[in-house]
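Two complexes follow with chain A in common, the first pairing it with chain B and the second with chain C.
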Partner chain A sequence: MTDIIIHCAVALLFPPLLLGIIGKTKAAFAGRVGAPYLQPYYDLIKLFRKGSVFSETTTWVFRAGPVVTLSATLIAVLLIPLGRHAAPLSFSGDMILFAYLFGLSRFFTTIAALDTGSSFEGMGAAREVTFSCLVEPTLFFTLITLARMSKSLTLSTILIYPTPAIWLAAGASMLLLVGALFITLLAENCRIPFDDPNTHLELTMIHEVMVLDHSGPAFGIILYGAALKLFILGAVFVNVALPLATGNPLVDWAIFVVAMMALAVAIGVVESVMARLRLVRIPQLLVGATILSAFALLLVLR
Partner chain B sequence: MNNSLRILYNGSAVPWAEIPLVDSGQFLQSILDATGHGWRVVSYFGIPARAEIPLVCVLADKVESRLAVVRTVADDNRFPSIASLCPQVQLFEREIAEQCGLLFDDHPWFKPVRFHHPFLAGRDAWNRPAGEPLRVGVMDYFQVAGDEVHEVAVGPVHAGIIEPGHFRFQCHGEEVFHLEISLGYQHRGIEADLLGGPHPRTLQHMETAAGDTTIGHGQAHCMIMESLAGVKVPPRAEVLRGIALELERLANHTGDLGAIAGDVGYLPTASFCGRIRGDFLNMTAVLCGSRFGRGLLTPGGTIFDLTSAQRDDLLKRLADARRDLTDAVDLIWSTPSVMGRLEGTGELSQELALELGLVGPAARACGIKRDVRHDHPFGIFRMTHLPVATAFHGDVCSRTMIRWQEAQKSMDFIEEQLRQLPGGGHRTKASPCRGQHLAVALTEGWRGEICHVAITDDSGRFARYKVVDPSFHNWQGLAMALREQQISDFPLCNKSFNLSYCGFDL
Partner chain C sequence: MFFFLEPTAYLLTAATILAASGVPGLLLRAPLFGQRIAAFAVVIASLLGEIAVIQLLGGSPAAFYQVDWPLPFGPALFSTDHLSTIFLFPLFLVTGCVSVYSLAYWPASEQSSAGKLTFFLGLFAAAMVLVVVARNGVLFLMAWEVMALSAYFLLTTEQQSSAVQRVGTVYLLATHTGTMALFVMFSLLRSTTGTFAFPASHALAQTLPYATLIIVTALVGFGGKAGLMPLHFWLPGAHANAPSHVSAMMSGLMLKMGVYGILRTLSFFVALPVWVGWVILLLGAWSAVNGIALATGQRDLKRLLACSSIENIGIIFIGIGLALVGIQAHAPYLVVCGLSGAFIHIVNHGLFKSLLFLGSGALIHGAGTREIDRMGGLARRMPITSTLFLVGSLAICGLPPLNGFVGELFLYVGSITDGITAPLPLAALVAPVLALVGGLAVITFVKLYGIIFLGTPRSAAAAHSHEASGFMNGPMILLAICCLAAGMSPQLLVRLVTPVVGFYGDVAGDLFTQASSQVPLLPLTFVNILLVILTLIIGAVYLVRLRGSSQPRSTTWGCGYLEPTPRMQYTGTSFSELVVNLLGTIVAPRRERPVMTGVILPRKAAFHYAVTETVLDRVLSPIFHWIGLGFSYLRKLQHGQLHIYMLYIFATLFVLMIWTH
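What follows is the complex of A and B.
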């Protein structure tokens, strides 16, 4: 029961802090002081206090977009184990639901973007859908590899399965999985080198351009949902990459939170030391990630 | 060359009567002959008139550092266009049509330039009603039809803090087939206001013709006033002007290097260059109290002198800024992901650049050795020579590289000039302009060649004052560079050209 309460509290309150840490890391590399760690929370509060403007050309789809997206992401967060703690909700085959909850949220984000009729948002939606087609196999290969190793189809089992002993036994495939997962994490969350979350250039954006017409609380929901998505994929990554367990639940929670912060710093470092890829190069990197995860599966099946 | 041209040199004035008046056929033939021999059209304009419109064309030959003027009179309201034979005049012809109401026959792209009424009401090339305000950007755009072809319109309101301009892309998926750029939103009527000048505020208007090119335009205007009045500028003032011009180049090139890094999402260089740009602006403020060099220049010299304490201060600041800038820019060359993004993006061939008559870093990035400081030296550049940096590929990477090389040369130049600052006064008294003269002044602003031409009437007032900003030549280059590129690369290409909207719109 305590774990479920902690799970919900961490999942609901912690995600925006990750964005704050990424921002602070990037600022440090750029020689700036940077915005406070809590800035994403202030931004959310500001947005929720604002009014919304809806274009006359949009329909209910446009308004439903953010809500459906956030709901799907909130359900997904209940399906994944955080650190060494099982998820509040789990059943055999929940990994399929997990993957398609993201599919559902993406579908509603893109269809809300298309609903505006804006040429930019159409371009963004086309890009998002193209790239997600390439990301999805990676996620599935990763989950299938882990499912095969742990002989289970439940996320709580397969994501807690990696331990230091497994790493020693199947280091090669684990390493490949970590590589593939990190690329997935960056691509799915629109981070550099795939997308630049801070750009104001509407012609180059992927994700940001799709939400240009959302404002006020609706935009706040989108930003919060994006932070939550980063948190979820980050948690999957941390579970696979850092399988540390002490046996003490509270210490394990602390390890998880610190590991997530370290991941945020790592994302900030990646964003600081490299430029964005050209849009035509992105599929190549995504296919590369798929190949990594496919190799991991081959090694396990061998 | 034929004898319909009157040869003169940069920063000089000739009596109007000495410029032979030829008929329109010979006029156009001279332009075509000259451009065929490697000359360039630096300015081509009409003098607004009710009936017979005088047309003047200024050509430049870099081989012998000569300029030439040719003039004619359009006695009808129609005039033959030579844009399809000599593409570099296409925008000049449209500009003449808009300002003077002259119709150019067979112009391949006959559209308004800035969407304003003609200087003299009554003659409008597009028969637009005189009383109503014109709506900028409302015209027929070039369109591509077919499956999967779509149109993307950007601006005039942009997401970033830039000036207004409208961009129409014809795309096939992510690939750009054609880009049409429509400007005019910043039109302030500078040239119309200059008729009958110089006014007390003319120098201020020139300094703000393109807000980031204060010294470039200011010096061109001062050169016009000096040559019309026959005033000599003291050596000390020439050096101070040269230092200010190069500081302006440094500040803007540094800002551009940072902005290019920012556009590809590379933070360290973007942040550092933003700060270092401020350092260069502050050095300009040491010269005259204004970070943008406003109020430094005056016809006959400079308003401010440089004390030896200020000179030492500048030398120290320059050394610091050079160290910081070198570190920040070296990060670009040593980061493969940045280079991968810059190389091969927005390529422009040398042939195209020559045909369109590009100027400044954009032309030099295509391997064209074209720099007013070298080709038509003015001011201090007659005494000292700056090497001209060129690159070959004409892509974003070349344009970035050119900026860094020029920045280094400018820093060397400033340091050298500060160490050997000539003594003497920094200002001679200005005198009134001579009447019935034509003066031409070219300067190399940080964007490229700036051309001012003035024609005075009997009493020494401006019968016509023509300003050509480098952006006027280069916008078409940007449009062509985008062909067959990814639409997502447009912001990067745009930044690598970094053209002025208000300098174009005037």
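What follows is the complex of A and C.
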């Protein structure tokens, strides 16, 4: 029961902080002070209190987009184990539902973008669905590999399964999985090198351009949903990459939170030292990630 | 429960009513009245048929009917079993919906072809019922031909158009090539068993001399009808050019008859060679990926839906392939999950694809075009159609909480379980393939829904579109409710397919429960309900928040440009361009770039863009062209004089008689 409460509290309150840490890291690299760590929270509160501007072309789909996206993401949060603790909602086969919930949220984000009739948003939507489509096989190869290692179809089991001992035994495939998962994490959350969340040119954006017309509370919901998605995929990554467990539940929670912060710093570092890839290069990197994860499966079969 | 008749009798009665339903329309002076009679008769027949389905699902035994006809092929046999039932359920449901829909979509008061269309629609449905209940090879082929030919007359309703004539010819060639393969197959069966009556299931040994040939001819004949690649070439054109409610029946129901044929043929054998399962699995995966890739690039609304039918047939065959591989490998989880997934998808595809095709009819009615890039902004003027179309699009992408997800869930669980337990988990590779197909489906249907219904109208016709009438919306609403109900409580679908999986896969009840317990049905219902409640709560909070704040209206943000025109919007072609370029080898779009002439002032130039049908345009058309040239000298025999034709027939029979003596 305590774990479920902590799970919900961490999952609901913690995600925006990741964005704050990433921002602070990038600022440090650029030699700036940067916005406070809690800036994303301030932004959210400010947005929820603002009015909204609606384009005359939009319909109910535009308003429903962020709402459905957020609710699908919130359910995905309930399916994912955090740290060494099983998820509040876990059953055999939940990994498939997990992947398809992201599909549902993607469907609604992109049709909300198309509802504005803007070329820019159409462009962003096209890129979003295309690149995500290439990420899907990677996610499934990764899940099958982990499922085979842990002999389970339940996310809570397969993501808690990796331990330092497993890393020693099957280091090569774990390393490949971590690589593939990191690329998935960056691509799905539209971070550099796939997309630059801070760019100022609509033509080059992916995620930001899809939400150009959303304002006020709707934009707040979108920002929060994006943070939540980063948190979810980050938790998957941390579970596989840093499988540290002490046996004490509270210490494990602390380890998890620290690991997530470290991941945010790592993303900030990547964003500071790399440039965004040219759009034509992105599919190549994504297919490369798929092949990495397929290799991981091959090594496990051996 | 008390029923007056037993199931087969109900089915035969329903088939008779269906076949006769269009006759009053042909004879009566008032065609509209005839059409109403037909619709009423079809609905009654559909209800009778569904009674039979309910009886069969309840486990009541079906009688065997034997009619001693004067033909030298043995008695005509009719019966039904669980395998037939799973095809009959969507058949009657969709047929009933379509007949009501046609009252408004193709009203006899406006369309002179309505009488003919209504007649063949009834005959088409009756022939499909007969295909499913026939238990004699020749009877089956007769029903098959009536089905194929009435589909031809249905799809060439608008026969004045040259495009329709062309696709009609291609369809006729394709279906008859398939039938030819079926003639070979049933003759071989006859020579093996000594009778045209269907052998009992699992009665033939796989070591029979003709076993391989029987299976191959069945795959060619039935696979072509199902639209399995590479025999799919007739499908996009035929579905696109038929009236929309006919497309709904062809795609939702007729393609499944091919699936039925293959399943029935395979059930004759005790065991199958190892390669059969893998070939079906590979063909299914190939069709799924290529079908949806073709669909992504389409610019014609109905052609896009038709290509996505190839994808869905592919998914069904993936399920069948998994099951066959599972039987070979003694892996009950693969058999149960593969068969359940395939059968659930057969039912689901019948529901959502019919919904989408009926919706496309409403769109064509409302906006007067099939071109995706000429529509836009229709959600404002057609709110009901747009909502129903959204339900269909979500369902066909396999997204929760709709029914499309359930079938795919079974396939995923089967394949990943194979990944966990099998020593060499080749079947596990199905999961990433399905994931890729799912991703491409999202691209395709986001494009379809977004470009058609959202944004601003791209043409004057789209700007003046109008909502369809109640007769058209009613059936669509019924289908959408079925999709939603089956998605929210997947147990309904599972209950529907449990008997047929047990019957077809020879899976005992406890084994079924054990294997399907891996599939999270109850949790799925729970999550679906949670999803709906959460969406409603967040939506309510958001709306309350909006109420209390200012909501100025403005134009869409265009980098400060204040007068955006509809032509500045992203089109469907540009939306899918990114992925079409990635899939270049499969989709092979043909671009004809303008050549600029004129030195100072360029002259007018045109740009063409079309997605090619690789098999039809690059392989078959050239071959047929050369064959046509080669045989041109035979045209002398074709002179249109009836008595000489009769002489040909007489001479042929005479030669055959001498040859046999």
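Some observations on this one:
In the analysis below, the second predicted complex is superposed on the first by the 302 of 302 C-alpha atoms of A that agree within 3 Å, B and C clash if a C-alpha of one lies under 4 Å from a C-alpha of the other, contacts with A are read in each partner's own complex, and residues count from 1 in each chain.
Note that contacts are C-beta pairs under 8 Å (C-beta built on N, C-alpha and C of every residue); 3 or more make two chains touch, one makes a residue touch a chain.
Because the structure is a prediction, the values reported are computed rather than measured.
Of the two partners chain B and chain C, it is C that touches the larger number of chain A residues. In the superposed pair of complexes, A:A275 makes contact with chain B only, with no contact to chain C. Applying the stated contact rule after C-alpha superposition, one finds that A:M123 touches each of chain B and chain C.
By the touch criterion defined above, A:E202 reaches both chain B and chain C. Contacts of A:L223 after superposition on the shared chain: neither chain B nor chain C is touched. In the superposed pair of complexes, A:A99 makes contact with chain C only, with no contact to chain B. Using the contact criterion defined above for the overlaid structures, shared-chain residue A:A235 touches neither chain B nor chain C, since it reaches no partner. By the touch criterion defined above, A:F140 lies against chain C but remains apart from chain B after alignment on the C-alpha atoms of chain A.
According to the touch criterion, the shared surface of chain A, contacted by chain B in one complex and chain C in the other, consists of residues 119-120, 122-123, 126-127, 202. Listed in rising order, the residues of chain B touching chain A in the complex are 150-154, 159-160, 173-174, 261, 263-268, 270-272, 275, 335, 337-338, 340-341, 345, 486-492.
By the touch criterion stated above, chain C contacts chain A in their complex at residues 376-377, 379-380, 390, 394, 397-400, 405, 409, 412-413, 416-417, 419-421, 424-425, 428, 431-433, 435-436, 438-440, 442-443, 445-446, 449-451, 453-456, 517-520, 523-524, 527, 530-531, 534-535, 538-539, 542-543, 545-546, 549-559, 564, 566, 568-570, 574-579, 582. Touching chain B in their complex are the following residues of chain A: 26, 29-32, 119-120, 122-123, 126-127, 192-193, 196, 198-204, 271-281. Here chain A touches chain C in the complex through residues 48, 50-59, 61, 63-64, 66-68, 70-72, 74-75, 89, 91-97, 99-101, 103-104, 106-107, 110-111, 113-123, 125-127, 129-130, 132-137, 139-141, 143-144, 147-148, 151-153, 202, 212-213, 216-218, 221, 283, 290, 294, 297, 301, going by the rule given at the top.
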